[in-house]
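Both complexes shown next keep chain A, but they swap its partner, so chain B is in the first and chain C is in the second.
== the complex of A and B ==
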């Protein structure tokens, strides 16, 4: 009951955040976003035809009514049709978001779970060769661009010049085996890069926790290392870790990964969002912005609930 | 602690549950999966189309698919070069009145649209003359946001007025009528020699009004046509098409299609003689922008079977570029065809800029002419060809590219010869020096290639004495933004590529026709009364030596006026797997070749 009440309060408190994000984003879209008019016009357009298209796109209308209309769209979750493909925005989102989730989730889970594990190892053996090896590996992951990692893994594991073990492109989720065939290489590229950032961050959090008085005291009382790590260190490190993980969720759900989707031919939301940005497809952009803002509010709520779960001293008030 | 662990476990379990849940959800792949033994062709395009509605088939990518979903009245013969038109849904070539103003076209009978829920009983009805009339009218209905209006604007009697009075489909158009169920009559306001070419474009694809009304705006992703294929799935990464089971039986006559066994015999195309297309059980069109991914996919045996040769692979794959010859290990695995694009790349000076173009002061205008000519002399086309097009492109003077019959082989190459010394002399003779040379804003879109194009240009200009700080880069975030700048006449130099819509030099010459100035396609706002008079004169002439002479004269005017840095036609090298029987074309036949693709030894 307490959680439910808290959730409702938190969701209501999130409304100004959604309003703020949508207002600022819409301002940027309207005044600084690409002009779609010339994308839609044919050759040799007349001034009259240009005006017609601008009017159809709503460019000739004042900002305030357009923004109010946007808010109405957010409430009804009906953003109309894409200006590029004419397809309903809701259809596009419902088709592509599950694909992006299925693409990103394994990498997200593995990147975080392995990141915490490596960070614990590195922290435990701080200053020793294991720590240096893990941190060196993490530095490589952080230094290499995601694009290079994608191309590298693709050539190494998928192309005929490499091991030719997986498909270069495509997406088939009809069976778990097919899903594994198509998701493995993108996941490896994601994990390779994510581990760099995650391991360094989590190690820093854990090392900080290891230097605290209660850990020193527990050690002095002869607490076995596994118990010490599990109970005294990991548990108390969970708050920043949970924050980082939960706040990544909106990106997984809505942002997708443009590079992964483009290089591996995966029909997710990332490519749709990118195309919408560069072509000024406002209905799609508006939906993505609103959905991201709402997901952030939910992520914030989840973070607070998780805080409480990992540390009962945290009050949901 | 136990509680925390339990929560953690719950989250992990939930996440692990979600993966297979999401993963095994029925996606498009469940609808459209390849079956072993099928004749499947996996084709690729460099980019995805945005709309499959013929009225918005403005891009090469959309056009490649649209012509496979919809019928047009005419098409270009599959193998004939130079290109030649043939009837497609029309029974024969049109009957044209003596004054060239009335075209009467008979449609084939018994052709049906594919079955679709848009029709009252779900069964595709017969394609009739009214459908053609309706489909062309849609280009004059602002609600459809048409891209092809310019093809018929001011050409067909009453059609522009029909738009002005509200685009009411219940109202007839005097110049566009169905005389009976199968006969179309088009009345022109003035002779339009390219009319039949326009009826071979994806823009003129014939659509049923029932489907447009049923799907509304989403008609763009729910195509209902009478073409050789129908669409089963379509997203940002690929389109899957299956053969139209009711497609009419029309056996291939290779002689009629222009087959030449000497030049085309190596592709094995003769096996389709006498058989009715389409020959494929399944057609997949992948949209792959990334060159490395496309190449990796192509060189596997079980992914895409067609790809253009990327520049970075030229040295690896080709034994020679002139002539284009594959290395033996690649020749064993792939068919290859190299062809010049029907188009060119060029940079037009914006004559509306008094610093470079027309000027009220005749002396300054004379000096501007010299400045433009000097910049042209300082532009190193050979180096550009070598740096960016693997030295495969063809450099030519003027704006009539080699792909059209009116190409002038006798024209002097002086305007495309690199002559920095001549440029410096010309500048000095006209009192141009580092102090008074005007700032030239070079507009481009983001990306390393665009940036390097600019740097290369700036280096050439430096060699002719242009201060590098006076060649300024202006980057536009998107192509839409730079297109807007061109249309609004905001840039002094417009660098672009142009793909011809039909094999007639009129299509490139109109880029310099005065009335087509901004926001029209004459972005350079070139305005030469002599040129415009000749253009108007030629625009109503049927192909003839007299019209060719006019075209060539106009071409020379552009060169003499130093109106553009031009030009280069790029050469594309297409590769496809040996088991694919086809002759791909990216020019005027375009996607229509897909109807004739056959597969030998389908994959098991």
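== the complex of A and C ==
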């Protein structure tokens, strides 16, 4: 009950954020966006035809009603039909979001779990060669562009100049084996880059926690290292770690895989967004922006509830 | 006598020296940091050479055969239509510096001003509004923001720079805000209030200069982020419009790679990796040197 009340309050507090995001996106994409009048007209239109199309598109109405109409679309989550495929936007989203999740999930989990593990190792052997080796590797991961990692893994694993083990591009989830074949190369590229940033961040958090007084005391009392690491260090470092993980979720669901999907030709939400950007498909863009903002508010709420689960001192007031 | 005194005091353990003197001394002892700085310097020389027309000017000329191998004439070979990859790679270094410097300076300046104002007025509506703006910009997917700004500017080549500045200042502003909240309760600020200085003067003359160590590190981070984003945006067709960049080279190379020709891809990737790696190391060393908590 307390959690429910808290969640409700938090969601209401998130309304200004959603309003802000929709306002900015409306201004940039629709109000100052591309003029669609002449895309819909034939050759040599008359002045009446132009005026008619403009009023159809709502260009002749003032700013406020048009923005309110967009807000109404956000609330009912009905953005109409895509301008390029004429498919309902909500249908497109419900078809493509699962694809994106299936694509991003393995990399997301591996990148974070391995990141925490390497960070623990590096922190435990702080200053020794293992630490230097892991952090050197992380620095390399941080300095390589995601695009270069994608192309590099593609050359190595799926081209005839490399090992030629996996398909070059495309997507197929008909059987688990096919799924594995198609998801491996994108996942490797994702994990490689994510490990660079994650390991560094998590190591800094864990090292900070390791130097605290209560850890020294526990060590002096003879707590075995495994228990010390789990109970005194890892648990206390969970707050920043959880924050980082949860806040990366909205981008993964919406746009995080944009590059991956457009490069490998995977029909997920990232690809849809990219195509919408290129063709100026406003209903799709409006839906994507609004969805990200809402997910952000939900992510904020989730982190706060996670804090409560990890740290009993945090109260949900 | 007085000179002896100061040197005696500051000579022992750096006691009494300014943060900057200590940091410079510490940085000079950091071998990785010094090498990284040297690396960045070399890239800067390459970029300046292009600006002054010493090399890289022929990046758009079709001079050789298609896919010429590495030779004395074409150091990195030629691309699919016979342009010299070496010249293109050098010219792209200039583009990288142009993007990196513009975005780093713009984002850091914006972040400094808004962060300082928000921190100084923390708890008031001014702070609330700035925090709200930061939250809003943070929640718009970056690539969409670039595209949207490009739309509304009618496809201007500066859309990429503006979009990066519009998002990269937030990280800096958050850090500066936190620091200013700490600084504004210190005695010297109270003293400034007491002698009747205006708020603007207190913020920008007395508080902001004391966050300069944060700004410097954040500028290096923005620089790296800008170069990396440029590559991805250019590949997606949202980045560099006229000119040449590592991102465009890589984008061009995706066709060549499938045909088994790697020169374009390797030239752009390695050069970019070198600069980003050097800048990352430099940024790390700078951060260590400026961190007042690690007294060594």
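Methods note: the second predicted complex is superposed on the first by the 282 of 317 C-alpha atoms of A that agree within 3 Å, B and C clash if a C-alpha of one lies under 4 Å from a C-alpha of the other, contacts with A are read in each partner's own complex, and residues count from 1 in each chain.
Here, a residue touches a chain if its C-beta (ideal position, glycine included) is under 8 Å from a C-beta of that chain, and two chains touch if they have at least 3 such contacts.
Note that the coordinates shown come from a computational prediction; the quantities given were computed from them, not determined experimentally.
K.L.:
For A:3, select first, second, both or neither according to whether it touches chain B, chain C, the two together, or no partner.
P.N.:
neither
K.L.:
Looking at the overlay, what does A:20 touch: chain B (first), chain C (second), both, or neither?
P.N.:
Only chain C is touched by A:20; chain B is not.
K.L.:
Applying the document's definition of touch, where does A:34 land relative to chain B and chain C: first, second, both, or neither?
P.N.:
Touch status of A:34: both partners.
K.L.:
In the overlaid three-chain picture, which partner chain does A:146 touch, first (chain B) or second (chain C), both, or neither?
P.N.:
In the superposition, A:146 touches chain C alone.
K.L.:
Using the touch definition from the top, say if A:155 reaches chain B (first), chain C (second), both or neither.
P.N.:
both
K.L.:
Identify the partner contact of A:238: answer first if only chain B is touched, second if only chain C is, both if each is, neither if none is.
P.N.:
first
K.L.:
With both complexes superposed on chain A, which partner does A:12 reach: first (chain B), second (chain C), both or neither?
P.N.:
In the superposed model, A:12 contacts neither chain B nor chain C.
K.L.:
Have a look at where A:165 lands relative to chain B and chain C in the superposition and call it first, second, both or neither.
P.N.:
After superposition on chain A, A:165 lies in contact with neither partner.
K.L.:
More chain A residues touched by chain B or by chain C?
P.N.:
Partner touching more chain A residues in the overlay: B.
K.L.:
According to the stated criteria, A:117 is in contact with first (chain B), second (chain C), both, or neither; which is it?
P.N.:
In the superposition, A:117 contacts neither chain B nor chain C.
K.L.:
What is the shared patch of chain A, the residues that chain B and chain C both contact?
P.N.:
Common to the two interfaces on chain A: residues 34, 151, 154-155, 159-161, 168, 262, 278, 280.
K.L.:
What residues of chain A sit close enough to touch chain B in their complex?
P.N.:
Counting only chain A, the residues touching chain B are 34-47, 49-50, 52-53, 56, 81, 84-88, 91, 95-96, 98-99, 101-102, 105-106, 109, 113, 151, 154-155, 158-161, 164, 167-176, 179, 183, 230-231, 235, 238, 261-267, 271-272, 275, 278-280, 306, 309-312.
K.L.:
Which residues of chain C touch chain A in the complex?
P.N.:
Interface residues on chain C, with respect to chain A: 132-133, 135-145, 147-149, 151-152, 228, 231-232, 235-238, 247, 250, 253-254, 257-258, 260, 262, 265, 269, 272-273, 276-277, 280-281, 284.
K.L.:
Show which residues of chain A lie in contact with chain C when the two form their complex.
P.N.:
Listed in rising order, the residues are 16-17, 20-21, 24-25, 27-29, 32-34, 139-140, 142-148, 151-152, 154-155, 159-161, 168, 250-251, 254-255, 258-259, 262, 273-274, 277-278, 280, 285, 288-289, 292-293, 296.
K.L.:
For the complex, which residues does chain B have touching chain A?
P.N.:
Residue list for chain B touching chain A: 1, 3-4, 7-8, 12, 15-16, 18-20, 22-30, 33, 50-51, 53, 56, 58, 142-143, 145-150, 153, 217-221, 235-238, 286, 288-290, 292-293, 296-297, 299-301, 303-304, 477-481, 483-484, 487, 510, 516, 519-521.
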